[in-house]
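In order of appearance the chains are A, B, C, D and E, and numbering begins at 1 in each one.
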Amino acid sequence: MDTNLALLLLLSPFVGFLFNIFFGKKVSKGISGAIGTLTIVVSFLLSICFFAQLNQNGKPFEISLFDWIQVSNFKLDFGILLDQLSLLWLLFVTGIGSLIHLYSISYMHDDENMHKFFAYLNLFVFFMITLVVGNNLLVMFIGWEGVGLCSYLLIGFWYKNQPYNDAAKKAFIMNRIGDLGFLIGMFIIAALFSTLNYAEIKSAVASGDANSALLGLAALCLFIGACGKSAQLPLYTWLPDAMAGPTPVSALIHAATMVTAGIFMVTRMNFLFDLTPDVQNIIAIVGAITALVAASIGLLQNDIKKVLAYSTVSQLGLMFLALGLGAYTVAVFHVITHAFFKACLFLGSGSVIHGLHGEQDMRKMGGLRKAMPITFWTMMISTLAIAGIFPFAGFWSKDEILMVAFGHNKALWIVASIASIMTAFYMFRLMYLTFFREFRGTEEQKHHLHESPKLITIPLVILAVLAVIGGAINLPGSMWLNHFLEPVLVAKHEAHHLGTQEFILMGIALVGAIIGIIWANAKYIKQGFVPKEDAEIVGFSKTIYNKYYVDEFYTFLIVKPLNGLSNFFRTTLEPALGKVVYGFGTVANGIGSQGKKLQNGNIGLYLFVFVIGICAIITYLFIAQ
Amino acid sequence: MQVLITIVSLGVFCLLAEIFNLRKLLVPITVIGLLAVLGISLNLWSIDSSIDTNYLNMMATTKFSSAFSSLFIVLTIFILLLSDDFYKDIPTKFSDFIAIKIFLLAGAVAMVSFTNLAMFFLGIEILSISLYILAASRRLDIKSNEAGMKYFLMGSFASGIILFGICLVYGATGYFNLEEIYALSQGIGLPTWFPIGVTLIVIGMLFKIAAAPFHFWAPDVYEGSPALTTAIMSTLAKVVAMATLYKLLSGMTVALGYKVELLIVIISILSMTIGNIMALRQKNVKRMLAFSGISHAGFMLMALLTLSTAASTLLYYTTAYALAGIAAFAVIIMVTKNKENENIENFNGLGKTNPLMAAVLTASLLSMAGIPIFSGFFAKFMLFSDTVKAGFLIVVIAGVINSIISVGYYFKLILAMYTKESNEEKVSIPFAYTIVAIVAIVLNIVIGIYPSLLTDLLV
Amino acid sequence: MDVTTLLILLLIGAVATLVSGDKLASKVALLFSLVAFGLSINLLLQFNQGTDIGFVSNWIANPKVALALKADGLSMAMVLLTTALTPLIILSSFGNSFNNSKNFYALVLFMAFAMAGTFLAADGLLYYIFWELALIPIYFIALIWGNGDVDERKKAVVKFFIYTLAGSLFMLVGFAYLYSKAGSFLLEDLYKLELSNQEQFWIFFAFFLAYAIKIPIIPFHTWQAKVYQKAPTVGTMLLSGIMLKMGLYSVIRWQLPIAPDAAKEYMPILIGLSIAGVIYGSVVALRQKDLKKLLAYSSLAHVGLIAAGCYTLTADGLNGAVYQMIAHGFVIVGLFFAAEVIFRRFETRKIDELGGIRSQASGFTSMFMILVLASVALPGTYNFVGEFTVLYSLSQVNIWFAVIGGTTIILGAYYMLKMFQNVMLGETNTKVFADVTVSEAIVFVAIIGFLLFLGLYPKPINNLVNPAIKEILAVINR
Amino acid sequence: MIENILNIIGIENYIFLTVLLFCIGVFGVLYRRNAIIVFMSIEIMLNAVNLLFVAFSTYHQDAEGQVFVFFSMAVAAAEVAVGLAILVSVFRNLGSIDIDNLKNLKG
Amino acid sequence: MSPVLITFYFLAAFTLATAFLTIYSKNPIHSAIYLVLCMASIMGHYLLLNAQFLAIVQLIVYAGAIMVLMLFTIMLMNLNKEDEVHKPRITRLGAIVVFILMSVVLITIFINSKTIMGEYDSTGEDFQSIKVLGKVLLNEYMVPFEFASILLLVAMIGTVLLTKKEKEQK
């Protein structure tokens, strides 16, 4: 029975996908959306069932569906593993997924290809579930690539716009760079342990006779994979571009779920990373730097979704920081809270964009507070959460990260703290520019300003509520999450005792956040500053505004040379190689042409050669020794 | 011997037929006659290597001679079938042409069944003189004259060389009889005259098969001669000369020395290369096939490297080559019948105007290029295989490279047929051409599919 | 019933098509190819039951050549690939009309015959004959029914023919040499040969020339792009879908087992060359302007990887190579068909001139998309299974081979998606693009269905191929 | 009993004579462009060989050599007949028997 | 030096000289006459070797038939002029070089080849009288003898074929 339920859990979104792709066009948009949403809700409900079951008996549920890939030293089956970690993920993926589907019914209602949108979205959830529930790395990889595909499809959903398509392509390719790392990591693990099954790897690692250098390499490769998916340095540039997709997509894929796959993977493989401290250090450093860099870029962005995107990158950086420090539960905790408030923020921004008929530039917003109160308040709550204001969810999770960082390395803590302050600043900058002061858009837009429909606001409210109370799952006192995840983690993460130091750190974090807010308040409310037009930005701001020219740098360093090389190969080397082959023919033909001159029709010459030939042969045979 | 007599009487009959005005029936009758001869030849199969004492040690019917004679007869039948239409516009000389061709066959048969060098010499002279005549036979055509003249001058020069060679062999051994010579050649103490003589004979034969550097006549003569004569030269004459060369060498020497083998290697490679490379730039199809023939001569020379065992391979190669050549020439004659020259442009669009003939020509060219399932492939392969076994890898590699080059010009013709647009109307083809072309190519393919038909004959 | 039935059927099919007349030709050919497919399935069932469906009979006494047809798992897999793709390829051409279509379809069936023969032959010379025979039909198909400027086409096709022939003739010399050693062409006798290192080197090299040109491995690939571009799509499909696999199959069946020591000795060079092909093909494909040429270079990259897998001499490498051959066979046929579908409607293959098709033909877009994704080895498609196994085998040899070879998944994604974007996406095209017709859809659906099914459940092929590879490996490591 | 004449002259002398004569014939073929002189040169070559045949016949005290000369003469006669026929038709068409003018076929 | 030897040397010198003059003379008629003399001297050699039959045949066939035919042709073509243009000097030089080369090569190998010096057998049997020759020719060599007739027949047909005018069919 459980098997069937598990299959239903997995396949329900897929059914939705099939329905929408084949029949979506024939049924009304409402039905299409409803089916898309319902199938996710089914999965969500089933996830709850399994969750409850697990809570009851504490036994992970694992089944093998069928044999899949088989190589010389091991055989992989297509198996499902429902343990604490995967169920946690399932819950918030399907939960938030359901909300966002719901939201999308209204949000995408005007789009002619809405059924496709739902199809892709369902497909995404399907792959995300696959990623999460697989019992081995390869099944995870299916989901991993699958969500990448859906991300590609959804970013480029408005396919008539080529820049959007470029963004989609970029996302896919950068993900693929990471995927190669993932693959290589898998290869090394497979070579070392002859298996890719989590449980088997875990026991093999535990036996501890593996080559540690290779193990480190494997961990590093896996981390590269995570970098790609979770948009860490240096592979993060696709995520801001991915905002080209419809806003629900940004919320679901590029904020709440898919980008956390890297964290899921690292957590899944925690037993591996625990053995490779060097890699952990790298993860921590990369995470910290990513957090800082992304946050700093976020300071000056004017596109409302871009700000959120950089904020996402930055938050993911913090999560990786935690992972690198071995605090897996903390990272997971932040993933969950982040999912709540970031989804809410994105959906809110979607609501704003919806209200402004597609306007995304914050310079052309302002004063929406009155026109869109629900949106405003839910976003405000989420902003407070992300800024780390007590007692919202983000406060607890982020604070945990800072505490862990402090415990390990002060420098990391400082970096993380600065990133947090910046976060508070730019989030409030966003809020101020969008909702406060007077409207800066066109008259016509102003005329049409309105609160979004119920289907949009309900998910917002739910998420906002979660953003408030989400921290409860791992309050410093109860540490429910810590206990819940204990079975899947090898190294026990010590729960913080709430001592003086902890309270001081909390205080510092809170103060930092407030400083950020005050700074933003001073600049955008008090001074009434509105960001300048693109052309007027100069100096270092310009560098930041242009994202440190990282994209340009990549273009210069990789894309350009690659294209140059391609052109060189195509226009020079290929013909040259071809000519070499033709060369044989040309030479033969050339000799032939010369030979034609020798064959000049003169009998005298022919006889001459004849006689010479005779002399030569006779000389050779009878005179020469 | 019966074969020879029957052939000769058939030739005389042709001459008489003219008197009785049997021109119309001439070809059918001679063809039937030749089929009968073929029957006799095959009937003699059982008689093996026993010298026919009735005929005074002059001729011997061996498997070798019977097999090759039969091949020559078949080729002649094809040629005769083509003659009917080819000489339509000169009916008064028709029977002469037929007679000459039959005598030519007689010479050819003598060349592969001789046991006395006198028969060999007379045979080769009959063959050559017939060919001189046929080459020059289009008396108002200056090209034909020139071809005849060139062929005659160089041919008789080569005859002189052969004669000198025979003389030296005689001087060394005191015999013209092959058996005796062979017996003597095994002992020691023969004067150096003997190898010199053999060398000179071989050189003369190399001229006949148009091996480099004695090949210069071939392209000019092939081009200038009437197409049917070219067909004879490139198929029958070449095959005859090659078989004879093989017979001579294997009949007069026990084993070739290292130096001789090296020489054969050089000549073989030289012939292949010159033939193929020169063929690349030719516009005239006959000329192209002449060069192709030179290269094939080079290939066939490989057989001399495995002298003792190569008879069946050589039979196979010559058959494959000759059948393909006949099929090709049947089409070439048909296509260029009313044209001024035989340039490749004349073949443009043949694939559309006459797909069947185009297919036949394609098949025969593919066979010559050595593409499987056509017998040309097995022919080359067996040669390669034998030669590799004998340790002459270098020739084989040269042969392979040359096969590759050869595809270049064979395909020029195929391309012309299938990719160029024809600029003329569809013409009706005389039945004989179609029959000859198809039968020849079918035979070619049949022996390609069942090589054992031939390869087991001379084991 | 044994495998000769299949070959004879295909041959009869070719003849029947030839005599059926231009109007019926395509249908007759399709019928025969379908029957052949059914027959091969039947053969597969028999084979799985353990029936011996091979065939051995003497053919030529001197040189000793036998009509030996062997059907092990590897051969069966390749034959199935051939017989499965042939009907699809024939069906795919229903949207085109050819002059002299009876000749055209007869040649297609004849080629299928020759290729199936190549995969089945267990006698060196027989194998070689089939190998060469396969070349002739494609030569004429490309030459006569090809597209583009006649002179350029001629040049390309002749170059292709001469080039491949050149390579294979060296193989023939190799066989001649082997024959002189073994006294037989039978596979098992050749496997038994104990060759010295030097002999192995030369044999290996001679075979390598043939296969490297056919596969093609750089720098022997120069014929490929032009021919793919100029040949009619059916020809391109036959070439890329099946004929290239002849080369790869031959590496596994003939080259490696006969000269294993040479293969071991030069393994890094061989793998390096193959992988260089992966990178090179991908990089060249990046900036291609012609759709078919781009696919040609993508094919170059993919077969490079397969070849690398073969040369690892590991079970995974060989198995993966076979999986990938099958997967690539299907996907490349599908992709070329997509290019043809576009060409039928827009009369162009220039990527610059295309675009905006998606909004007009969603069905076609989806199918094309799936094929593109399969081509970049998205998990869930069979290509992933193949690529994963091959890359895994490479990682066993040297992790850097896997890393460099693995860039194919990045570069592949890059050029394929770029192509897809430029061809399909963007503002709606001004020209009308009708969605796929039924026959076109059948082809796509069959291919996609096959790839997805095996992608999730590759076991049938595994079970078929693995034992055969195991045997071959045993010979290699003798 | 008649003494073998070769005991006086020596077979090698005949050989040298023949070789020289043969070479003169070859020389003539190469040297002259008048076709009829070329024919004559070829006749000289054949005659040289005939002489050697006879010498060898004496050397071996064997009649066959002389019989062969007989055939050789027949061949020579036939060749000359055909050759002259060809020559005549060339002359009719070309108005010259200069072999260097026969250059239509080349390349 | 025996008279026989002197005769031989004289004849040899005469043969070579006339042969050379045949080639060297500018006038074809002169050439022909020198050639006749050359043939005659070879007949002398035959006589010296006691090959009487051949000597007669030589005279009849060569001097009588072949040379007359040639002379006839020369007359027919009105070639009795010294109008032949010389070949280019390089060709002539080449011819001379080849001549020398070939002579040297051939003579060298024949000097090298160990000829049987000294006593030559003399069986004393009659081996070259007309009677014996006739027997050999018509017994052992009967087949080639007949075959030679085919050769002559072919030559005959051929000559007719080459020179006879075709009736215009058109």
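Here is the rule we use: a residue touches a chain if its C-beta (ideal position, glycine included) is under 8 Å from a C-beta of that chain, and two chains touch if they have at least 3 such contacts.
Since the structure is predicted, the reported quantities are computational estimates derived from the model, not experimental observations.
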Using C-alpha centroids, which chain lies at the maximum separation from subunit A? E
Tell me which chain's centre, taken as the mean of its C-alpha atoms, is farthest from subunit C. E
Taking the mean of all protein CA atoms as the centre, name the chain whose own CA mean is closest to it. C
Result of counting contacting C-beta pairs for B-E and B-D, higher pair: B-D
Dist(centroid_CA(subunit A), centroid_CA(subunit B)) in Å evaluates to 77
Can you give the whole-Å distance between the Cα centres of subunit A and subunit C? 36
Which integer distance in Å separates the CA centroid of subunit B from that of subunit C? 42
With centres defined as the mean C-alpha position, give me the subunit C-subunit E separation in Å. 70
Out of subunit D, which residues touch more than one other chain, so two or more? 11, 22, 25-26, 29-30, 33, 55, 59, 62, 64, 67, 71, 75, 78-79, 82, 85-87, 89, 99-100, 102, 104-107
Set of subunit A residues in contact with two or more other chains: 585, 596, 599, 601, 603-604, 607-608, 611-612, 614, 618, 622
Among subunit B residues, those touching two or more other chains are 118, 122, 125, 129, 132-133, 136, 139, 148-150, 153, 157, 192, 196, 219-220, 408
Considering every pair of chains, which are in touch? A-B, A-C, A-D, A-E, B-C, B-D, B-E, D-E
Over in the complex, which subunit D residues touch subunit B? Could you list them? 11, 22, 25-26, 29, 35, 38, 42, 45-46, 48-49, 52-53, 55-56, 59-60, 62, 64-65, 67-68, 71-72, 75, 78-79, 82-83, 85-87, 89-90, 92-94, 99, 102, 104-107
Given the complex, residues on subunit A that touch subunit B span 585, 588-589, 591-593, 595-596, 599, 601, 603, 605-607, 609-610, 612-614, 617-618, 620-622
Quick check on the complex: what are the subunit A residues that touch subunit E? 604, 608, 611-612, 614-615, 618-619, 622-623
Would you tell me which residues of subunit C are touching subunit B in their complex? 59-63, 100, 103, 125, 128-129, 132-133, 135-136, 140, 143-144, 150, 153-154, 158, 161-162, 165-166, 169-170, 172-173, 176-177, 179-180
Which part of subunit A faces subunit C closely enough to touch in the complex? 21, 66-72, 78, 116, 138, 141-142, 144-146, 149, 152, 156, 159-160, 162, 165-166, 168-169, 172-173, 176-177, 179-180, 183-184, 187-188, 190-191, 217, 562-563, 565-567, 569-570, 574, 577-578, 580-582, 585
